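In what comes next, chain A is part of two complexes: it sits with chain B in the first one and with chain C in the second one.
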Partner chain A sequence: MELIAALLLLLFLSVGFAGAALADGMLPALISGQARPSWRRPIAEAARLLQTQPIRTEAPDALLWFLAPALYLALAIIGLAVIPFGPGLVTIPSEVGIVVWGSCEALTIVAVFMFGWSANAPLPLIGAYRYVAIALPAMLISMFVLIGAALPAESLGFTEIVEAQRTVWNVVRQPAGLILFLMLGLAISLRGPFDYADPADLAGGTTADVSGPALLAWKIARLAMLVSVSAVTATAFLGGYLGPILPGFVWFLLKTALVLVVLVAAGNLFARVPPARMMGVIWTMLLPLSFLMLLAVGLELLLWG
Partner chain B sequence: MAVSALRKWAGEAPAPIFVAAGEEMRDRVELLFNDGRLVRAASPRHAAIFLIAGRMRLEDREDLRRLHDQMPHPRVTLLWEAEVGEALGEAERFTGSTLASDKDAGEARRLDEAVRDRLEGLWQELASGERPSEPDLLHDEPPNPWEGIGPHGQGGKGMMGGTPYGRPMAMTSDDLRDGLALDPYTARFGPFLPVFPPGLLLEMTLQGDVIQLAKVLRAPLRQAASDHAPEALLRLARLLDLLGLPALSQRARLAAGDRSSSTLEKLGRTIRWSGATLAIPPGLGALEGHADLRTRLNDLLAIAGGSSPATRPELPESAHLSSLLPGLEWSEAMLVLNSFDDKTLSMLAMVMNEPDEESDGHDHDGDHMHHDHGGHHDHGGSHNDHGGHQGEGGHEDQGDHSSHQSHEHHNRHGGHA
Partner chain C sequence: MGLTDLLFFALSAVAIVSGWRVFATDSMVRASFLLLLSFVAVGLIIVMLAAPYIGVATIFMMTVEMMVMALFMVMFMMNPAGLNPMMMVHQHRFSIVAGVLAFAGLTVAILFTSFPGIPVDPAAPVVHDLGIELLGPSMLIFETAGVTLLATMIGSVILSSRSGRFGLADQGSRPPGLEPDGEPAGRQPEQGGGGHHHHHH
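Then we have the complex of A and B:
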């Protein structure tokens, strides 16, 4: 069973990745009203980057620079491995799936920081520090929200969380939780309003001094993380593989695709708040809100559960 | 075989272009990118084509050469009505037009289309390998001598003894924002940093991402005075880019090229819905008589929508970037820099001659950090200086183009507070 799940994981990741690359090219064109680019464009971009010279800056931390995209990608894959693709179809069955995913979330901070640090240049370093400052409270929010999703299941495993949603999906229990989790999705895939590591105002932030294959690797890891976080959202809030008629895997794929499109669109439609102001918003508004959501779910289960 | 397949694919990618816009060319260059065949790179590291457009000052030539060398291979340069002498070597020139304002609109549009075609053609030649990549223009050498003495090559006696490559050990100093003292860091930013107005060269002391000191070394290059609505739309587009809304920014640029009231109305609504105005902290970048950034953004939306710009009073004498930027966090500062019209900005960014250029050398008093970078290795005009934090100062190997230094030996200091 695990082997099938592992193969499914590869399939899911490649399909999801292709979809993410496509959505990432098409949606901005749609929003800006520009002519739609060809579906071949992401491949062409990749081919271009593969043939571009990798730049070395002055005295970089070469090892960390090389490892950062790999770590980021690995975290995305590990996160995906504890998600059930169908009834009993998990690559790594874990009773503490949420904890595994949570540590993947937290370690993205390390991956992004490594990447920005290693170039040994100011703008990438600012991007890296900024990401740490924003991502840390964002992780806290996501943990409260996920615990809220785990409470009804009385388990930290994703399979149990999905099964507990047979009566009612978690999105109904805590709609604000879904929105908060989508924000986290934008943050850990470095996207749009939560792209504090690689923004335009820092000339590309952590990527400002990266060229060629390394830049390609970073882009791939970012998209893989987008797929992963979409899959986790679909599992924790939208009932994962549950659904009538169609096989569970197909439902899971559809729900993930929906979340992914929402994330890409949100990344292009909402403005980014300057980091200092965002910090205030997260600590004083969003974090208490996630607390309240957790409290509400707890009370509901205590009184009527 | 595999290589030729890769080449074929790469040719289909949009041409990645890093731009250095000169006098009167900024708006025209920005409108070039309304075409999906071209994409503007945020950093020279991401580009393959270096487009130099318009007249440049003599002192900018050295920066252009450095930027050229910071681009990865394969790379090519196109000079578009640029007068840079022999600074860029044998780079291809695109001429055949004078300034857009001298010609009728149709003619200018045809010329812009020709430039786009040439840029795409250059990318095709480069991707297919027909055109060889351009070699370096400068020597790859450190700005200051290595001075490696001592057990860790720190250049002198003890921990803080030396300044290998002209960079001393990082030291903390007072902080403007929250009292968390970090090491201040002085570097030159510009003159072709994509988020800066073209030509602006600032020497800034940063602590973390907070600007402690800003000094204008070169003023922004003069830009063509165009009619209000397209100018406002392009300025709006620049602000939207900084606010993380590249798709809406592109829409504003497209609208600047081809304005119709229904698209403008829809664009305005989408921008309001994006929360762009709410995202900006109230009171940010406030200037007497010119309101704050949020109001200026709202004004831009109104002008873009067809209303005439409100007349603003003269700037107060004291208004200058050197007083406006300190205390701001980097991305707030970038928003402020891009929120002014060209006339206001040129007054805010006048070069002030300070007489203390010499006396600077005497305040070696340990409290300050003397970032003596000697020369600036500009990244897209961006980071002029690396290192400092790592203290090791091990020099790069041949692959590095970031550290090309100007040959004069500057003795600049972080601590001229």
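Then we have the complex of A and C:
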């Protein structure tokens, strides 16, 4: 069963990655009213990056710089590995799935920091530091809403969390939790309003001094993490593989695709606020909101569970 | 020697070598990440010991902790981003003696302890049992330790951040003058603005 799940993971990641690349390339054009944007753009961009000359900065930490994209991609795959694709279809069955996913979130922050820090150049470094400052509290929030998703299941495993949603999906229990988790999704896939690592205001930030195949590897890892976080959102809040008529894997794929499109659209529709303001919003509004959601779920289960 | 043994020895080697490199590297950030690697290897060994929650939680907590540590070290030590080479060890003679004593003590403890050899039943609900223990009989201990640690962290930040880069932190930030003891550079904040108390002249 685990072997089938591992093969499905490869299939899911490939399909999801292709979909993410298409959505990322085409949605901005669709949103701006272009009727038929070209689906070839991501492929052309990848081909261009493969041919671009790689550059070096002065005295970088070459090893960490080289390893950071690989770590980022590996974390996306590990995150997918603890998620059930269907009843009993999970690559690494873990009874502490959300803690494994939490570690992937935390290590993603380390990977992004490593990538910016090891370039030994100003803009990547600024991107790396301010990303850590924003992403660490965003990760805290996501863990609180995930605990809210684990409470009804009385388990930290994703399979149990999905099974506990047979009666009611977690998005109904904590609607704000879903939105908070989507924000984390934007943060760890370095996207739109939560992209403090490599946005345009820092001339590329952590990627400012990266070019060629290394930049392509980083972009691939980002899209893989987007697929991974979409899958986790679909599992923890939208009932994962649960659904009528169609097989579980298809439902899981559809829900993941929906979340992915929402994330890409949100990344294009919402603007990034200055980091200091975002920091205030996260610590004084969003974090208390996640506490409230957790309290609400706890009270609901205590009174009516 | 089975696959489990090989994995155990490999992880132990990673933990020991990266732990040693923490003290051999010349950068605070690299030292933090090497320590993190060491902890990840130890966490995976704990997972192998049939304690999945403790193992994975070790990896999770240590990742966050090392990241925060790297951030704070650079903030307080004013070493531009931790990229400047610096000596990572100090008080050599004292640390050598302490290290030898700790090694001897731990070795003696390991050699003279009879470790239990009871394999954990794979069906045992270890995570559930741990949760009952943590939030049941041991709750007071863990909560006390948690609140104490939090108070220590806040206290140490307050104590160490009073003498800021541009003067005392509780007197508002004051950029350096354009000439020695001269007017501070940049735009002067309005009286009472920004929540600071300015006593400039």
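Criterion: the second predicted complex is superposed on the first by the 301 of 305 C-alpha atoms of A that agree within 3 Å, B and C clash if a C-alpha of one lies under 4 Å from a C-alpha of the other, contacts with A are read in each partner's own complex, and residues count from 1 in each chain.
One rule holds in what follows: a residue touches a chain if its C-beta (ideal position, glycine included) is under 8 Å from a C-beta of that chain, and two chains touch if they have at least 3 such contacts.
Everything quoted here is computed from the prediction, not taken from an experiment.
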| item | value |
| --- | --- |
| Touched partner set for A:Ser94, first chain B, second chain C, both or neither | second |
| Which superposed partner A:Met114 touches (first chain B, second chain C, both, neither) | second |
| Contacts of A:Thr167 with chain B and chain C, given as first, second, both or neither | neither |
| Partner chain(s) touched by A:Leu136 [first = chain B, second = chain C, both, neither] | second |
| First (chain B), second (chain C), both or neither touched by A:Ala106 | second |
| Residue contacts on chain A - larger count, chain B or chain C | B |
| First, second, both or neither for A:Leu64, with chain B first and chain C second | second |
| Partner chain in contact with A:Leu125 - chain B first, chain C second, else both or neither | both |
| Which of chain B and chain C A:Arg56 touches, first, second, both or neither | first |
| Those residues of chain A which chain B touches in one complex and chain C touches in the other | 61, 120, 125, 129 |
| Complex contact set, residues of chain A against chain C | 61, 64, 94-96, 99-100, 102-103, 106-107, 109-110, 113-114, 117, 120, 125, 129, 132-133, 136, 139, 156 |
| Complex interface listing, chain C residues touching chain A | 29-30, 33, 36, 52-53, 56-57, 59-60, 63-64, 66-68, 70-71, 74, 81-83, 127 |
| Touching residues (chain side chain A, partner chain B) in the complex | 27-29, 31-35, 37-38, 40-41, 43-48, 50-61, 119-123, 125-126, 129-130, 192-193, 195, 199-204, 207-212, 215, 268-277 |
| In the complex, chain B residues that touch chain A | 6-7, 9-14, 16, 34, 36, 42-43, 45-46, 48, 70, 72-74, 127, 142, 185, 187, 193-195, 206, 208-209, 240-251, 254, 263, 270, 273-276, 278-281, 284, 329-332, 334-335, 377, 379-380, 382-383, 385-387, 389-390, 392-397, 399-403 |
